[in-house]
Amino acid sequence: MPENYVPILIFAGLAFLIPVATLWVAKLVRPDPRDVGYRLKPYECGIPPEGDARGRFGVRFYVIAILFVVFDVETIFLFPWAVEYDVLGLFGLIEMLVFLAILIIGYIWLYMKGALDWV
Amino acid sequence: MAQPQDISTTVLGADEIILNMGPQHPATHGVLRVKLKLDGEKVIGSECIIGYLHRGVEKIGENRSYPQFAPYVDRTDYVAAVSNGLGYCEAVERLLGVEAPPRARWVRTILTELQRIASHLLWLGTHALDIGAITPVFYTFREREEILKIFEKYCGARLTTHAFRIGGLQYETYDGFEEDVKKFCRDFEEKVDEYGELLTENRIWVERTRNVGILTAQDAIDLGVTGPVLRGSGVRWDIRKAFPYAAYAQFEFDIPIGERGDTYDRYLVRMEEMRQARRIILQAVDSIPEGPILARVGKVIKPPPGEVYHSIEAPKGELGYYIVSDGTIQPYRLRIRPPSFINLEAFDKMVRGHLVADVVAIIGTLDIVLGEVDR
Amino acid sequence: MVPTWHYLVLSAALLTIGIIGVLTRRNVIIILMSLELILNAVNINLVAFSRQLADVSGQIFAIFIITVAAAEAAVGLGILIAFFRNRDTVNADEIDLLKW
Amino acid sequence: MMFAQGSFYVLAAVAVVSALLVITRRNPVHSAIYLIVTLLSVALLYLQLQAEFIAAVQIILYIGGIMVLFLFVIMLVKLDVALRQPPFNQQWWVAGAAALVLAVELVGVIYLGRGTAALPQAPPGSLQPNTELIGRTLYQNYMLPFEIASLLLLVAMVGAVLMARRKAS
Amino acid sequence: MTLLLETLKPYLLPLIRVLVVFLGISLIVAYLVYAERKILAHLQVRLGPMRVGPHGLLQPIADGLKLLLKEDIMPAGADKGVFLLAPVISVIAAFTAFSLIPFAPNFYITDVNVGLLFLIGISSLGILGIILGGWASNSHYPLLGALRSTAQLVSYEVALGFALVSALLLAGTLSMVAIVEAQQRQGVWFVFLQPVAFFILFVAAIAETNRNPFDLPEAESELVAGFHTEYSGFRFSLYFLAEYAAMILVSSIAVTLFLGGWLRPFARVRALDFLDFTPVAVLVLAAAWCFRECFRYPATREWRWQRLLLLGLGVGALGISAGLLLPARFLPGGGEGLPAFPALTAIQGVFWFMSKVFLFLFGFIWFRGTFPRYRFDQLMSLGWHFMIPVAIANVIFCSLAIVLSRQMGWGLPATLWLGTAATLLVAALLRREKA
Amino acid sequence: MTDEQKKEEQKPASPEAAKPAAVAAKPPAKPAGPAPEPLDNEQVRRLRARFAATIGEATLDRKQAIVVVARERLRDICQYLRDEEKFDFLTDLTAVDWYDRSPRFHVVLNLYSFARNERLRLKVPVADSCPSVSGLWSTANWLERECFDMFGIVFEGHPSLKRILLPDEWKGHPLRKDYDILKQDTDWVRENLGIESGQ
């Protein structure tokens, strides 16, 4: 492993220590949770919730997530291109314009289709 | 007009959930409980569940003498206690067939209009807070505090004032009352513009309130809403003009109305109402007549048999008292027509098709006080 | 230095686990996740050989494979959502109709 | 070098164990979390293989993108029925046996071919600077696949959106 | 002994750096909460925390202690393991990313070839913490909050990515240190070459950190507290820490990419070298304020600790400023090569870096005090219908501008501004179409 | 029926009503106060012409117009008032419990006309049920529910007549005169609030 990645890991380890240490300290000093039935119910403004919370939320959220994955891939392709733009020059520009044109076609299709509209 | 009331009995579709907002919710202005049927985040049905604050005020009224009951009305719309007291005192006076002396009516008008400003300030702050602007609430409370100080100096109480008395006033104004009121009015003019600067032109505010909770004039009348909600829908109707009471016939003021009946229009209407209230106060405070402050009503208030419906333009809308007297010292039947209760009925109509975020905007724009809704 | 064939063994292990997952699980979501495991196993091979041969092409293949994985996940889960909305299940055994 | 070797075996073990947990957990959310662990350890292995860019892509795209998509879908579908059913299908033993045969076969092949795979490795630093190398190679030598990838993404986007937005009949 | 030191030496310095950065970030996070409360309070005509310590300076500690002592409630229907794990993921993601931020030319934890990409990757893991926390609570509000939050984060991450690419076109590297050095070399902060990208990055940064006006995931008036509704005690404050750390992180990214990182304003203008004294001046001013406040407190017993604390702070600030009195570049041995006094260089760099970050953070807080909240559909519409197309247009026009400048030999800033104008045109068109 | 109503309006014949008349005369300086008087204007005449016997006594009490109507044709009368007489606004709907009379309740509708700036009060004597006017004015929906909640009057044709202010399981209707304010639904209080006795 390239050596300059090791500090990141050390730092991650330290960051991991925050929750572990604080939660451990908190466990020592905080009062025990009083196990009164209603305190452990999920919060729904003081009324017992109706039905399971999981499931059945709008499909629009999912469409957004898909679009994110697709656009994210596109940006990932852009990063090395931007870094090497000086080397690639005009050729790289044209190449990327074709790439982005295809993306823009997709975007326009989405726009027309209303996939980007929330309601 | 009949909408399905109970949304929980309807069959849920594939993407629908029932979300419960309130009674323990930061934005339902107390203990309102709203059950929302959601398609994703879109509201396709709603049901208001109220009564968490029900204290049986009307029943209490039947068991108290007329003066005894007066403090109770302060606790219905507890952010506009002065207005409640005015309505009740005038209703009983009408039942008795007496009229408060001019000085009393002038002072009543001033205090009630101050209360209107205070109530609208509270509304503005909380409404803005609901829509996510956290700063206006501190500004509006700063000015509301000045009004409450005037109340406190006048009658010793800030919130549930019990400022008036059947037949006139309980207290003469204190020394410097006029100056205090004038000073407040002087300062208030630029303050209300300051709120406007924060919100009226704010793009996000406009986007959040324009076309949200639209109530056409037709719907508004059908749903019986009153006050700024009705005027926001473009109906120029105000009891102060339609059936002038207190001293309103003497003063000049305009009734602002909206055009589209959306939340933004209601916002503008209330903002303008504050300015008009200031205008009324300034006119009134310069012309307070001298004279007695209490009409001759006798020690024991015992209206002759009969009944009366008297209503005033409270900050929230038409606040009516329907009192049936059987000639005893206690009302036989005392009905309070609460503006918030009936305005809240329009909620379902306004909220359908909007998003969860609009629900709080619409609750805010209705300006309900649960003490009054539940009584 | 870890010999390349150790990477190959790891890759084979992940591949096998992925195949077991695809073949045995009923839940379509987990089947799709197993597919991701398989793709990852392939990527490990590519990157390991790229390292050994000091040729960046392997890494570029890996990028393309990740792209394909993203597309596969998007479409696969899209089908799953559509299926779930119609049939109210995510069970592979019940996906036996060619048309619904 | 001890460190590099040790970390390889630890990471490989973590990857394999959590991969096993992926396919055995009943609850897909748990499976997803273990898959994230596998992906993360594989990303660290890429780092070890001097493929920094791939490691970053693995983290951004796989964990930050695809896994988020997975978790989203898990939340959008109702799972309580699936949780109560047996997690494996009826042919699990046939599949398991087949997979085992495959595993043995793979290990055998790798073992037989270990000589080829044990050719001398390129010296460290040969793939540096990584991003620049990848950029140059990708946009010069692999231009066509790159453009095709954008077409693939377009198709995926259209297909997925069409699928998901289809109303229940 | 010497041998031991010799063997440890390569590890010692990085380790000290790691610790300093880590503790520094933790401290800033704690005091950012305090600063937010104070600034908001003063925007809202009130005083904010005043009780604990002079001007409430010890409030963060009191808050931390309070949260430690809070009862820890886990809903009965929650998925225990995931419920415990989720906030931890958020914290790790938010904090680890700081290891890639260059605070000063010689003060950073590590610098890698794919730095920026790695940074985004690590910080994007925070989404997992949110989505898992919302799911594990098994309750409507957190789930809705988590879905909203994730949808919002991923939407603006796309715009953010494109904005970053615009800056990378100018920098030509992914290494964070090299990006700042590129700005030093070109003698201009990228914000002046890429204002649109900077604006997009700024808006996306606000959205990425769930701050007002994009704080819908935790819109208290709608969703109560969003994804962490069910979290209490220190578990809740872990999310809180992660959120504030993320604020600092996105500010740091923006500063590194667009505001020249550790560079002083007008770093190349020799006439403005006196600006190097700014850290000293600021410290002296702070010390003066401490002494003034210290003597303004009544000399009664109950204020004694407050006075002592202020006095100590003042003396400390004076001491540091005395040590810094001479900017590094005026000392012998400085100049073009390696700095003779690395600590001074580091402190200068950190000072300018953090000043810019605080400017950003102040903006965040200011916005919170000013704006109402967007509605979710408006937020998504802003993201997908406006920010993303504008960001893509910006990438296209800027790459065109760079090629143009190279082919035609025009000045780079001129062509880039041309590109910016074209982008703004696109933006205006998009805006009009929407209206 | 009409005679009975007339008596009520002019000098309420309830047992309590006998003494206040005597007491009210005590303070000599004070006028006796307003008293109801019969009302006979165009509008009432039009109403009578159209609905004949279903329109009962019309009075003017404290300058407020009150018309007693029979429950049988309430909906038609309301429809007529809304559409033809332009009383398009239902201000309030409530009830009064005259517990020793028959029929026991008065349902009271307060109408308002924007066009004429006039109020009109309808009183409907009912035993325990009344036609719903929620189809005419949406306002009436909740008001009738409240009336049902408080008085137990059933509104026929109401879309979902259930309690509104009190819990669904509550027993009794509090605004009835025979419901003591101290006599709450102790069962409900005990079950839901955990308080042993209501007061």
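We just call them A, B, C, D, E and F in the order they show up, numbering each chain from 1.
Throughout what follows, a contact is a pair of C-beta atoms (placed from the backbone, for glycine too) under 8 Å apart; a residue touches a chain by one contact, two chains touch by 3 or more.
It should be emphasised that the depicted structure is a prediction, and the values quoted were computed from it without experimental measurement.
Taking subunit B out in thought, with all other chains where they are, the connected groups by touch are A, C, D, E | F.
Chain A has its Cα centroid nearest to the centroid of all protein Cα atoms in the structure. Centroid distances built from C-alpha atoms place F farthest away from subunit E. Separating the centre of subunit C from that of subunit D, both taken as means of CA atoms, is a distance of 6 Å. Inter-chain spacing, taken between the CA centroids of subunit B and subunit D, is 62 Å.
Separating the CA-averaged centres of subunit A and subunit D is a span of 18 Å.
Each chain gets a centre from the mean of its Cα atoms; for subunit B and subunit F, those two points are 24 Å apart.
Touching of two or more other chains is recorded for residues 112, 117-118, 122, 135, 140, 143-144, 147, 150, 154, 157, 173-174, 224, 376-377 of subunit E.
For subunit D, residues touching at least two other chains, in rising order: 4, 48, 50, 52-53, 57, 60-61, 64-66, 68-69, 72-79, 130-131, 134, 138, 149, 153, 156-157, 160-161, 164, 168. Interface residues of subunit C facing subunit D in the complex, by the touch rule stated above, are 1-10, 12-21, 23-27, 29-30, 32-34, 36-37, 40, 43-44, 47-48, 50-54, 56-57, 59-60, 62-64, 66-75, 77-82, 84-86, 88-93. The touching residues of subunit C, when paired with subunit A in their complex, are 63, 66-67, 70-71, 73-74, 77-78, 81, 85.
Against subunit B, the residues of subunit E that register as touching in their complex are 40, 43-46, 140, 144, 148, 212-213, 215-216, 219-224, 368-378.
Contact residues of subunit B toward subunit F in the complex are 1-6, 50-51, 54, 56, 58-60, 62-63, 94-97, 221-224, 235, 237, 242-243, 296-298, 302-309, 311, 318, 320, 322, 324, 326-328, 332-333, 335, 337, 341-342, 345, 349, 374-375.
Those residues of subunit E that touch subunit A in the complex are listed here as 14-15, 17-19, 21-22, 26, 67-78, 87-88, 91-92, 94-96, 98-100, 109-112, 116-118, 122, 135, 137-144, 147, 150-151, 154-155, 157-158, 161-162, 164-166, 168-169, 172-174, 224, 229-230, 233-235, 238, 241, 376-377, 380-381, 384-385, 388-389, 392, 395-396, 399-400, 402-403, 406-407.
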